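Scroll down for the structure; my scribbles are underneath it.
A, B, C and D are the chain letters, set down in written order, and residue numbers restart from 1 in every chain.
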Amino acid sequence: MSSILIIEQILNGLQFGVMLFLMAAGLTLIFGVMGLINLAHGSLYMVGAFAAAAVAGVTGSFFLGLIAALAAAALAGAIIEMVVIRRLYDAAHLDQVLATFALILIFSEGTRWIFGSFPLFLNIPEALSGPVSLPGGIEYPLYRLTLILIGMAVAGGLWLLIERTRIGIQIRAGENDREMIAALGVDISKLYTLVFALGAALAGLAGALVGAIQSVQVGMGEPVLILAFVVIVIGGIGSIRGAFIGALLVGLTDTLGGVFLPELFKLFMDTGAAQKSGSAIASMGIYILMGLVLIWRPTGLFGARA
Amino acid sequence: MKKLLLAAAASALCATGALAEVKVGMITTLSGGGAGLGIDVRDGFMLAIAQSGRDDIEVVIEDDQRKPDIAVQLSDKMIQSERVDVMTGIIWSNLAMAVVPAAVNQNVFYLSPNAGPSPLAGKGCHQNYFNVAWQNDNLHEAAGAYANEAGYEKTFIMAPNYPAGTDALTGYKRYFKGDLAGEVYTKLGQTDYAAEIAQIRASDADSVFFFLPGGMGISFLKQYADSGIDLPVVGPAFSFDQGILQAVGDAALGVVNTSQWNKDIDNPTNEAFVESFQAEYGRLPSLYASQGFDTANLLLSALEKADPSDADAFREALRAADFDSTRGDFAFGPNHHPVQTIYAREVIKEGDVFTNKIIGAALEGHSDAYAADCKM
Amino acid sequence: MTLDERYINGLVLIGLLALPLWALATDEPFTITLVTRAVILALAAVGLNLILGIGGMVSFGHAVFFGIGGYAMGILAYHAQTYTALDLGFFETDGTNSMPVIWLVAMIMSAIVAFFIGLLSLRTSGVYFIMITLAFGQMFFYFAISWAQYGGEDGLSIYVRNGFPGLNTLVPIQFFGICFALLCIVLFLFSRLQSSPFGLALNAARQTNARVETVGLNPMHLKLLAFVISGAITGLAGALFADLNRFVSPTMFSWQLSGELIVLIIIGGVGRLMGPVIGACVFVALEHFLGELTEFWHVYLGIILLCIVLFGRGGLIGLLTGKEGAHV
Amino acid sequence: MSEPILATHGLNKSFGALKATNDVSIDLMPREIHAIIGPNGAGKSTLIKQICGGLRPDSGRVVLCGQDVSGKTTQARARAGLGRTFQISDLCMEDTVLENAVLGAMGAEGVAWRFWRSALKTSVLLERAEAALDRVGLAEERNSRCANLSHGQRRQLEVAVALTLSPRAFIMDEPMAGLGAEGSKRLTGFLDGLREEAPILLVEHDMDAVFALADRISVLVYGKVIATGTADEIRSSQEVREAYLGDEI
């Protein structure tokens, strides 16, 4: 196996990882600040992708589609926060799970009601299509490279937002002590709506960006949602830094495992069998990773120690 | 589970008097992922029933949500409660495996409009089971045959890691005479194929064969087109069918895929079908719609000759396959699976709409590899 | 108007028995199948309710045991039906068509797996526990999909329902009888367990670990045992479910199924003896009747679930009895 | 001279640079009430946790009735005879008073692993639980939900649960906290009688109660025992005054 292939696969893992980070960041913020498990986060991802596909389809502009995705997902997030989620902050995790599970059903079938059963079309913008040559003779799709950069930029922006701005201070205070920020005169319900909309917008952005190279269809959010949960659990729930590290770990494990495990198995099996068992183990890889991390550190890599 | 009772052509006035003499149970996927396929099969089937003008056929339609346990439950309902004579509709092989063996053993006829799992074609074949679409391997075998014809010598092949995926690669390899540049099983439901595409790039393949149904295929094709690799791609029709093509867009243009049907197959039945389907539903018919349409016409042709209550006569009538198929010549082999021509077709753009055009026959009078195992 | 929980429980059981009998009388065998489905789902949820309701452990991976039960049935029956030996590595055995044997194997296998999953998962708590159980569920799901020997994603079909001495299990009402009897037995055991010292201690461990430790008991051990018992019950339900459908597939391991089991319990009432039973009946009824009305019935199901969480704390039993908590 | 029931030998515990427990050696003699006092943050709770098993000391030993329990878990120490009450009531709030007491009785009788007979119908458990409730004066409330009890009643129930264990030694973490003057007085009288049953290691802020009850008092400051002695000795200790009142004197 050539080093070019290995580097390309690492880039693929990174790209997958940063997109997972966009999902996971919102999820972990919402959990950290509001203590809420939001299963419907995957639906916001789907909303973003559908909004982008619909607007890009009408206007022909991918960029406008992206804006629409951000706006639609943030709006959907703010609405469900105000109508439903707000009533669940003090509820048991169990109630949160059920209520947001119900939201998944409503969003998924509702979207199918509006857009029909067939996948929508969303393509990458002309300017970003095709491969570029990287140093070392690696051909890599420009769009995926852009995704990596966008993901990194969003991660940096989030870090700045949380470490360096007033809102960030309020968010961090909220993670520590709800009464405390109320005492400081911050309007909690506004802050919560804002954080929820921010998380939703990130999910919507991920949905639109990824939708361009995948299939925009009903139910696209659930597999990603589960992966995002794996990410934040590995990273430690509530920790943005943990989400970032966790996302890269999951992205790399999943991508590299799928490629290298079958190769590894070929050393002591015939090709077909090695392919099958290798890819079988690889598909369980990230869950095994998560199990191992939790057994080692029951609150994740960067989670608050109990 | 939308129930649709249709006494075709029965006017409101005589509705009470129209006694349904034949009851057909259709279990298909109408909600959730993959609903598009079930909807097409249903629409094609109902179109043929409506065109027949018969008012004594009652079709009970239920949605299986693509869940095997729901499908089994519905099948119980069809047989126990509705007491249907004939069943049809199932899209997915795993659902078919859950429903069909039990149903045909309870003396119900089953006409498959889409799934053709290999056990039902070989050792597990049954006199009451008829497949009107294809045995699962067929289109992949045709892809292998086409690859030979196109002069490919080293193909990179991939499919999801589940039984139909294994069957697909086996089917391709059965006919393909060249070497394999790589053989990859992906995760079922996988949406990102960057890793596989990198492997393709790193291999010395001269062509790519893939079987990735539904959203998986859309994702792969978009990402493949963007990767800058220009190796030719072949695949079965599933990733290039009417319903799905618009979502793939330019990425699919020029790709060769194999199918037993296309809208430009030149025969009067097909022409009328394409036209009336478009008139009725406002969209181009898909492969699945054609299969639903053919299934209904097979049923109608048998009903002309015999009543399902006379099982032996009805079975003979079905076996004769005395109907005009949208795909031209159609006959059943000894295991009640089609013997038919499978075409290679190419994705083109007609105005704003992506569609396919036939470029030649990949396999003619093709049966399947399991017929010999069938003891009927 | 509020009702005493005991009357509700009695009414539900009587209703559950009367409906299939009525269906038998009016020759509506499918209704019997539908009720049987509800009974089996209820049984699975009763298993989950033990750890969720009493022990406070939100397992988002209980489909693992449902699936193991299903595959225990599928594999044993498959070998019996094909007359092939089941090679376990260290010894070979024949498959079987006997339901009691299958149940036993299903429960033992589920219990063993539950022991190991519990041992690892109980190191965590809260959301982490929810997520690690989910992860185990996904592992089993993907394993089953690629387990080619037993059908992979296609699953395994069994053409004839397995047998129970003295009964013809293919007759819907007889199979219903078996399932209903098992549900009653398990419900009885559950009610004994709930008030037993073990139940009391488990209930205490849900509320405060520290208190349980301070009186000299090990909450980990209590929870682990509960997890194992719970897994075994859900495994039994899985075997029955597979027999109901004469079919087993990886969807029995899916996270959606784990979610549905939780949903059943919340609909009925968490920690209540009959909560899962009422929940299962309502869920199956909704699935059936809403599905008749519209293709998009999931939307309405979602809205109904949402209303239950937002306005009906304590589930349906909570609404009917006017008491929110299971213990109030 | 008799052996101490409970003793710590050179306990040390640090959190980073902070020395929470600094070479603490204290003991508890039969029929004794030994009070531990100290300003907030002196490390009293940390010390209790190390004695009861919630926290592992960096070094040092805990000896109960001549048996070294340093390496044992909380529940093992409870079985060995440590009866603890919590600073903030830690009860099963959804359960009844009786059920809380029965839980303690189960621990004492070692019958948690029974699955058939109702716990509330098992006579050994009932007798033990009811006896304890009787003694703290909660018999009337036996069927009340814990959540509906007053603060004082919860404190009483805490003590009752510890009583059901028939411990060799009581560890009580601020049992008077939040009680009114009247309640404190009643509990003081009760604890005074309890010492006949088992000695009490008492952490308490209520100085009236401490000086009324304690045979000995240890003063903990910055994790270190700066003085141990009778009430009078402590009252007159210069070091203690400095620790409590700073440099003013």
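Here is the rule we go by: contacts are C-beta pairs under 8 Å (C-beta built on N, C-alpha and C of every residue); 3 or more make two chains touch, one makes a residue touch a chain.
Keep in mind that this is a model prediction, so the values were computed, not measured.
Student: Could you find the chain whose CA centre sits the greatest distance from that of chain B?
Tutor: D
Student: Just the number, please: Cα centre separation of chain A and chain C in whole Å.
Tutor: Each chain reduced to its C-alpha mean, chain A and chain C end up 32 Å apart.
Student: Chain A to chain D: how many Å between their CA centres?
Tutor: That pair's centroid distance is 49 Å.
Student: Between chain B and chain D, what distance separates the C-alpha centroids? Give it in angstrom.
Tutor: 75
Student: Please report how many Å separate the Cα centroid of chain A from that of chain B, as a whole number.
Tutor: One centre to the other, that is 35 Å.
Student: Which parts of chain A, given as residue numbers and ranges, touch two or more other chains?
Tutor: In chain A, 108-109, 112, 276, 279-280, 283 touch at least two other chains.
Student: What positions in chain C touch 2 or more of the other chains?
Tutor: Correct list: 142, 145-146, 148, 296-298.
Student: At least two other chains touched by the same residue of chain B: list those residues.
Tutor: 31-32, 161, 166, 187-188
Student: When you check every pair of chains, which ones turn out to touch?
Tutor: Pairs satisfying the touch definition: A-B, A-C, B-C, C-D.
Student: Touching residues of chain C toward chain D in the complex: what are they?
Tutor: 192-193, 195-201, 203-204, 207-208, 210-218, 222, 325, 327-328
Student: In the complex formed with chain A, which residues of chain C make contact?
Tutor: Contacts found on chain C: 52, 58, 60, 120, 123-128, 130-132, 134-136, 138-139, 142-143, 145-146, 148, 255, 259, 262-263, 266, 270, 296-299, 301-306, 308-310, 313.
Student: Within the complex, which stretch of chain B touches chain A?
Tutor: 31-33, 35-36, 39, 161, 166, 183-189, 191-192, 194-195, 198-199, 201-202, 214-216, 218-219, 222-223, 226-228, 243-244, 246-251
Student: Please give the residue numbers of chain D that touch chain C in the complex, ascending.
Tutor: That would be residues 52-54, 73-76, 78-79, 84, 86, 90-95, 99-100, 102-104, 106-108, 110-120, 122, 125, 145, 161, 164-165 of chain D.
Student: Mind listing the chain A positions that touch chain B in their complex?
Tutor: Spelled out, the residues of chain A in touch with chain B are 1-2, 4-5, 8-9, 12, 15-16, 108-109, 112, 116-121, 123-124, 129-131, 139, 141, 143-144, 210, 212-220, 223, 255-256, 258-259, 262, 271-272, 275-276, 279-280, 282-283.
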